[in-house]
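There are structures below to look over.
Here come two complexes built around chain A, the first alongside chain B, the second alongside chain C.
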Partner chain A sequence: MAQNKVTSEQFIGFKKREAAGVKKRAEVGKIVSFIILAAFCIIWVMPFFIMFFGSLRGHIDTTFYPKELFYPHSGYTLENYKILLFQEYPPDFPQHNTTQEYAIGHWFMNTCFSAIGGTLLYLLVASLAAYTFVFIDFKFHNVLFAILVASMVVPGAATSVGNQSLVYAMGLNKSILALIIPGLGGIYGMYLIKTFFESIPKDLIESARMDGYNNWEIYLKIVLPLGKTVLFVQGLFGFMGGWNDLVWPQMLFGTQDSKKWTLQVGMAYIINNSKTANLIGSALAGGVVCLVPVLAMYIVAQDKIIDGMAGAGIKR
Partner chain B sequence: MQDTVESVSLEAQGDSFVSLKDVNKIYPNGVQAVYDFNIDIKENEFIVLVGPSGCGKSTTLRMIAGLEDITSGQLWINNSLSNYKASKDRDISMVFQSYALYPQMTVYDNIAFPLRARRYRMPVVNLVLKAWDQVVEALNNPQLLADAYLEACDRQLRYSTVVSYVATKLGICDTAAKIICSYKIKSVTDLDNTGKSGKRLLDEIKERAAQEKQKEMQAIAEKGLTVDDQYQVYANGELQYEMKKLSEEEIRKKVFEAAEILDLGPYLDRRPKELSGGQMQRVALGRAIVRNARLFLMDEPLSNLDAKLRVQMRSEIVRIHEQIGATTIYVTHDQTEAMTMATKIAIMSKGWVQQIGTPQEIYYHPKNIFVATFIGSPAMNIIEGEYQNGTITFANGYSVQMPEAFAAKHDAYYREKIAELEAVLEMDDFKKMHALKLIDKDLFALHSQLEPALVGRALKDVIASAHHVNEECAAKVEALIGKFVENEATLASELAEAHKINARELIVALKEIVSTIGDEHGKEALEALNALAEIESQGMGSKESLTTYTAFVQAVEELIAYASTVDSHILQTKCAALNVAGQVDKTSKQWLLTVRKPLLTFEKIPSSVIGKLHNAQVFNKNEKEEKGTLYYQKPKKEKKKHAVKFNLNSVDVEFVNNLYDVACDLLAKCNAALSGKHGVRLGIRPEDLHLSSEFAGDSTQGFKVNSNIVELLGSELLIHTQWAGATVIAKISTGTLVKPHTEVELTMNREKILVFDENCGDTI
Partner chain C sequence: MEKTIALNDQQVDKRARRIGFLKKYGIVALFLLPFLAAFITFFVLPLIYGVYISLTNFKYGAPGEEAFNQAYWYTLIFTKKMPLLHQAFWASFLHSVVFSVIMVPVAVLLPLALAILVNKKPPAFKLFRSLIYLPSIVPLTAAGTIFTMMFMTKSEHGLLAEMFGIDIKWFIDSWFTFTIGDTTFDVAYAWIPIFLMCLWGGWGSNFIILSAGLENIPKNLYEASDIDGCSAWKKIMHITIPGIKGQLVLCLFTTIIGYLGLYGQNYVLSNGGPLISTLSGLPGGGKTSTIMYFIQDIVANVPNFRSTIYGLGAAASLVFALFVGIISGIQMYCTRERKTGTKISEAYEKWHKIK
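Let's look at the complex of A and B:
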């Protein structure tokens, strides 16, 4: 290609810079930064490796930790997963005090329900609220919004006891819906979505209104398609929050039948149980089981997550 | 124009299609964006609202569109009062400055979007019969059918499925196309293959068509309906209607029509971000025209385009307007657009309409100096001069002898103006203002009122502060007021007496004005004044008999004059405090407040009068911008709620109301103008300034100027020069080449000279 040809002046320039050591310094910088990054990478990944290989370690090998970190002398085994998933203890397994059933299938379904269902429902509620605040002019909407934002100051932990007694009073303490409903009043996501909606040109909405569309149609046909990035980001945040939530499900169902638990409550129970050392492997296996769906989602949606995080709140 | 709130006529406006009557817009924060907008727009007209930015033209358009509330006034569209109609019910379509295209949709969907919104009343059509008939007809030309299907499969279009492509290609309805597509006929020979039933495919289809039609006919007959050859359904001989949305094929037809008009065919499958500015503009236009609305609104549609494209789109829009014929209201700040596109222009400034007329009228007969300078490029030259007996003389001694008819015109103009202003001043509300002015002038001087009992102390204060300045000053001040310190008691009693006399005089004057006010507020004020009769009767003496007082007032006058020459702020303030002329009795103060309250109600000032006085202020030659130039109340609830922030009983707040002053001032100036020499502003367009060697028409005496800058614009030369205290631009043809910094002799075309009144900016 003609424009890729290097002129003699440019060539001399390169040589001069080379002579001045510019190129060398750049290389050194690259190597140093690579080493630092690699070190941090290893530190960051290490716990995951320990967890993964630890879950493949039989109860006989637990005491050889951390001497045989990645390869136990009696070989890899799936017995921890068997304990976790099917309650099949190896014949020589020592005494343990597991009183509650490891209903990991139920836990998984419960968590999926609360995380996915809760997220979708929250997106609907929050985007409708955001639409109302941005595109519908009603009295005192500024005041109302200010009150909502002010309520963000109160930490969740402070209101959780009140929430719990409310849920009990409503008779929801037996229902899994209790995991979802209190979260629907969250302001943060609504605020995020509202900020994004504000960047949608008002002309679009006015034009659609003039054409005879009503608010619901405008919401569905214009605002939602344009706001899908922010909805995705908020959906992701909501899903992660729902998946990783421990305190609230624990408060609700911690003392009830283990079939009502979520993965995190179950995990907490397993970890609590594994103080006998023989069950440490099963705790680590539980960690892997919890992690895999989230990790899979991250890998699949990686591009979109990065796009969404960069794009959220930036005006087009 | 003189409509009050009570006597508004709610009648349709004859032959005008859109009509605005006294439309005002006040934003919730109290800013008034549009004052008293009146316009009648006939069908098929192309109206351009033009004015500098922030003059309220977009607000007006948005009010017509229903995107902003109308604070007061009436909006008639197609002979129905539309103030409170939702914008979707006004049968309008609008083109936005930002185009407002939906980025997630293709051009096709963007244009189709308005069509998909609403339901229309349409005759019921039996689609089954129609479809099968069309299928059979299409089978008569199997080659075309096969080609259409193949082509449809080859193209993978976003907006159009295979079915809709086939339907368009063959000119049949979607249901028929669906049937054809279900057989997947890719070539003519396919029709000869055996179908599912073992027969030839062609025969099979035809057989099925006959069966289906038979079945449908039976079903219809059972319901007691009949179908004509247009497949429209009749019940008992009456055509049946239903409310339904447009079908996809109808939408497609309309979108393609619009695309054809706008030359958008190749871009239908693109998204807005894949289009250039001009194409986006055309899509926005397409979306507006596709709905066949009777009123088009355009809000600066061309301002985002580059200069060349703008010219092109300008003619495009005019062409579309001619083709479609919808009434159009177009907002722009660009006078070229206004002059080239409009059939009628409305020029606005600061919320007021300055002139409405055809481009020719506006160019040749501008109503006032704003219109004259706003329209025309380069702008009209304005030169200040003095008028006397048909001659205008400039600061540099050059004089223009105006045509003979002008003198009569001049006199007639001022006589009319005076008559108008006198009528204005006769109005109740202006009388109220006059009365208020009298009250306020004295009432608000009260905070500096000199108490008769304390006069001695005040005098000593002045003398003391004079001693602080220097000996000479002290001596002078003592000579002036020293004698009053001695007979303090007499002075005090005479002062009190004088205040009472002043109050009486004020009340008499007020009574004279207030008694002529016709409305109930005036009567209320008069009652309050009558209650003051007590004070009136007490002060029986006259001021002339109070010798000490008269001497004192005179001495204080001299003192203040002297103090202003002395460099001492303290002395000046103390002396000012001694000023007692015109001060009224303190007891009458409270009474006057009760008079003041009913007077503070101005409800019936026609906005046309306010508009004139507004112009008189804005276009006044001595542009001393006072704070809050114009302040008055209008009969609007919102305005009252937001604007009346002061306490009416408080004496500390000055009621800034200068409408009366403006009117009085204007009247005085008009009277002066009739009697002799007065200032005017002369306007001459650059194209009416000629080289005196070239111009042969009715010209004025030539004048020599130094050409500072010479611009060559195609076949014209623009000569910028300083002359008679103004920058003058002359546009001359390039017959003679003028070089910069040379002396040229110019002359004015006498017929084209416009003269503006110096005080209110109107054309004489």
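Let's look at the complex of A and C:
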């Protein structure tokens, strides 16, 4: 008989729920929202398929059988990727000249350097600064931090023109380093890392000091391992930001030799050159090349990205 | 004897303290310096340099040859000394403002509706959440290729033209014109692809932030309202919306600020065009140019502008930055009590307490 016992609160709650018919309605709500979301997601994911299958379609099919999108008339082909990567045009391809070379290998490497190298360097610099602000008590550190935070009101547009000329004056305007170095002073990531470091118990650090650890050892052996979640999240955001940035690389290298461009600058150039039925396939192939690294990262780390964004309320 | 020992002790003490001091501040300098140096070099200095450039006849690539010119660039922006340039700037500015005002309800209400649906936890809601956020990680140019293909003209076998027979020259034709006072506004069709591209992938972070806000609303409020017999709509209006007010305000402002800086979408899709005939040959002289497009035209894309009116670019960017800065200042003030998101208010509070 024991299993039939119900407390009075449970009984009342049960009765109330029953009276309101909550459960049934909740079920209906779930099904309705499932249907709406499924329909929405199918529409929203379509462009990915358009891009992917469009890139696998030969230029003849694009011109003469444009409606056969997902099953190209004469089968799938890698023709567009050959045009993009090796400038290997098919024999019957109409004459096509570009003023700048499609140096997509260079663009890819530059973008990797900017996104990965820039992110790693920033994580090091910003986490050291965050460590100093949280765990070392020095004079005026609150004032200093308040100044840094207040400077977040100033949008990037205010400094970009000055930065461009400053980089020129420093002689970095031909160097790929200029892609990453100006980002090292960013406040947002440091702020995020600092907020997380504040949740690390101070006692832990103090006892480590007692044991004779110096600051570098504490940073390396205690704070970094404990803070690796936030570093990972900030790293993901930094990578995506670096990968998707168009404005700054364009300001730096937009009018220079195409070998210095990043993928975004180069792709923008390709698109502006490919607004015809023959060439749109190669632009779509470029889109796929551009998307794959970010997509792979998203698939692997989507929970971290979403949770990190929800937790920090970051907006980029 | 005793005296000397005491003195020695004192000296040792002093020395130890000095070493301690040096050690501490040495570490502070070592750890903080890279960041602070980068901050000063690439934030403070460029800000000052930018102001200086905007007040001189600076030429990109030839620093040191400039001279002050009585805020000439600002007079071009704020007076009709050169009416066409004045018009090009303010048309671009207007485009940015109007577009971001149009985008705000879309980029807040759509994710809000989706977040409410996802929050009902239907089957596979995690998959939906990932898929809904997915377009937001797509690089701008990759998205640009798709929308270029969709909106190519009939003669180039664009997807929409072929599939649905819509025969519009999207990036050439003018959608409609209207007149207010003695100014005629010409709205190009090209805004539609740009809008759709933003609609597709421009609000993912709003969705995530609003979802997180919804999760934090206490469930018993809904249960109580069920007992009181509230309709679903009433629940949304009286529980959900007030419960995520902070997140809504944040999304509102970040959306406005984000779309004020619209650049990539119109650069990739329409290249700022179609050109306004009277303004061709001027920076930002297109029907879809925005303020960032105007600035980028001068400082990055056209070498000729860069060597003649570089200072105008700096002046324009400062005017724009002031405008955006005021808005984000208001945002910081409004969102100072929120839990998630930027905890600027808390930093300030702590600072005040310590003072």
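FYI, the second predicted complex is superposed on the first by the 264 of 316 C-alpha atoms of A that agree within 3 Å, B and C clash if a C-alpha of one lies under 4 Å from a C-alpha of the other, contacts with A are read in each partner's own complex, and residues count from 1 in each chain.
By our rule, contacts are C-beta pairs under 8 Å (C-beta built on N, C-alpha and C of every residue); 3 or more make two chains touch, one makes a residue touch a chain.
Model, not experiment: these values are computed from the prediction.
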Touching partner for A:Asn215 - first (chain B), second (chain C), both, neither: second
Partner chain(s) touched by A:Val28 [first = chain B, second = chain C, both, neither]: neither
Contacts of A:Leu226 with chain B and chain C, given as first, second, both or neither: first
First, second, both or neither for A:Ile136, with chain B first and chain C second: second
Partner chain in contact with A:Ile181 - chain B first, chain C second, else both or neither: second
Touched partner set for A:Ser207, first chain B, second chain C, both or neither: first
Dominant toucher of chain A (residue count), chain B or chain C: C
Chain A residues within the chain B interface of the complex: 201, 203-204, 206-213, 217, 222, 225-226
Residue ranges of chain C touching chain A (in the complex, touch as defined): 24-25, 27-28, 31-32, 34-36, 38-43, 45-51, 53-54, 58, 60-61, 63, 114, 117-118, 120-125, 128-135, 137-150, 152, 156-157, 159, 162-163, 200, 205-206, 208-209, 211-212, 223, 226-227, 229, 232, 247, 250-251, 254, 257-258, 261, 263-264, 267-268, 271, 292, 295-296, 299-301, 303, 306, 310, 313-314, 317-318, 320-322, 324-325, 328-329, 332, 338, 340-344, 347-348, 350-351, 354
Touch list for chain B against partner chain A, complex: 65-67, 87-88, 92-94, 96-100, 102-104, 113-114, 117-118, 287, 291
Footprint of chain C on chain A - complex, ascending: 16-17, 19-20, 22, 26, 29-31, 33-34, 36-38, 40-41, 44-45, 47-48, 50-51, 54, 62-63, 66-67, 69, 125-126, 128-129, 131-133, 136, 138, 142-143, 145-146, 148-149, 151-166, 168-169, 181-185, 187, 190-191, 195, 215, 219, 240, 243-244, 246-247, 250-251, 254-255, 263-264, 267-268, 271-272, 274-277, 280, 283-284, 286-288, 290-291, 294-295, 298, 302, 305-306, 309-316
